[in-house]
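Heads up: the structure comes next, in structure tokens.
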Amino acid sequence: MGCCWSLLCKDDNSSQNGEPNERTHLLVDPISNNIHIQRVSSENLLSRNSNDAPKKTDEQSALTRILQETATNVIDVAAIDSHNLQQQEYIERVKMYNIKINQVLAGNKGALANSLKSCLLEDVPQPEKILSGDLLNREDRHLMTSSLLAAVSAINDIRVDHKEDLVVPFGLGLNS
Amino acid sequence: MVEEIKKNLYEIASKIEGLYGITFTDRDGVPLLKVTSESAPEPAIKPNFISTFCLAIDQGSKLGLGKTNTLICTYSQYQIVQMNKHPLVVTFVANQQCNLGQILALEAQIDPIASSLALTVTEI
Amino acid sequence: MENNLDRVMEEICLDPAVLGCLFADQQGLCIGSKGQASNETSGYITAIANQVAKLEPNSKMPVVTLENENQICMIQKADTITGAIYKKL
């Protein structure tokens, strides 16, 4: 049976230097997000086809490009692999940042000092004028209360309208 | 100057009930500046938790909705708000009852700090 | 889905003196806004309502008024919803 790509093939390929045999993969691995492997395999493909007509090389590179584009456009949850930082590197970076921060911040101290605000409200000139003003009148109070009640009942009415299936059968019928 | 910024962040954070901490980190979760209270959950400010945000927003950009700005994660005990301030990530850790809208509104206040700190990362 | 809320907000804004209105949930996230009300303020509005409610925990939810020379902002909370109406003076 045909084998598109397996990890075992990799070593065989390098030893046989791109000679096509029954074990060489026909397609570049579209799933793996590992760019390094992808690049190596596409180069293998190209060198393998270097004796063929130039048209074929174009086709191969076009195919490779399509596969690469697909790989960058597809959200592949399984391929998301968090690489953990080595403890040593982490400590070194923390140290480096600490030194750098002091240098950088000393450089644009003036600009930053003005933008450090913790209060949003500003002083009003003549606060006594506003403070001595009338209290909220009855109409406004009624407007607020009745509007809020209407809004609360409207918000409690919010329901998700079920219009179409959340799970869509995908790719069925291809195998049959 | 670092102390002044920390003091400012502490003042901002103390005005929001239930906000445990604000951290500025790089994309790998290495902290540049950290203001946290003692009750902040330890795992939420660890580098591997924060760096997962970067992986998630990289994938999220493929959804066709444009660049990711903010990610809110609501857990049973905590809420985490992360803001994408490329090349930095700002993480807010808060409890379940905390006012998320108020945290989101902090963006304007932390922007100048984030842009200054960003110079630290880009200069390397 | 939110048609009812949209209708309520439109009715509030029918009053010529009303500049805008906004409703936020318990988390301070904006549920809806209309007119001159920025949805970024929903967090602050919820925070103000919650803080003021603590002054008199046993009485009814108060109406808070923020005032400047030409407009007022009324804030009130009911259940988990906080509402704000901006009005010309």
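In order of appearance the chains are A, B and C, and numbering begins at 1 in each one.
Please note the rule applied: a contact is a pair of C-beta atoms (placed from the backbone, for glycine too) under 8 Å apart; a residue touches a chain by one contact, two chains touch by 3 or more.
What you see is a predicted model; the values in this text were computed from it and never measured.
*Asks:* Which chain would you call central, comparing Cα centres to the global Cα centre?
*Replies:* B
*Asks:* With centres defined as the mean of C-alpha atoms, identify the chain lying farthest from chain A.
*Replies:* The chain lying farthest from chain A is C.
*Asks:* Roughly how many whole angstrom separate the Cα centroids of chain B and chain C?
*Replies:* 28
*Asks:* With chain centres defined as C-alpha means, what is the inter-centre distance between chain A and chain B in Å?
*Replies:* Distance between chain centres: 17 Å.
*Asks:* Need the CA-centroid distance for the pair chain A / chain C, whole Å please.
*Replies:* Using C-alpha averages as centres, the distance is 35 Å.
*Asks:* Can you list every residue of chain B that touches 2 or more other chains, as numbers and ranges?
*Replies:* Not one residue of chain B touches more than one other chain, so the list is empty.
*Asks:* Residue numbers in chain C touching 2 or more other chains?
*Replies:* Each of 44 in chain C touches at least two other chains.
*Asks:* Inside the complex, what are the residues of chain A that reach chain C?
*Replies:* Touch list, chain A to chain C: 120, 124, 130, 133, 136, 140-141, 143-145, 147-155, 157-161.
*Asks:* Where on chain C does chain B make contact in their complex?
*Replies:* Contact set of chain C toward chain B: 24, 27-30, 40-44, 46-47, 50.
*Asks:* Please output the residues of chain C touching chain A within their complex, sorted ascending.
*Replies:* 1-2, 4-5, 7-9, 11-12, 15, 18, 21, 23, 31, 44, 63, 65, 67-69, 72, 74, 76, 78-79, 81, 83, 85, 87
*Asks:* Mind pulling up the chain B residues that touch chain A in the complex?
*Replies:* Counting only chain B, the residues touching chain A are 1-2, 4-5, 8, 11-12, 15, 26, 28-33, 47-48, 51-52, 55-56, 59, 62-63, 109, 112-113, 116-117, 119-121, 123-124.
*Asks:* What residues of chain B sit close enough to touch chain C in their complex?
*Replies:* Within the complex, chain B contacts chain C at residues 16-17, 98-105.
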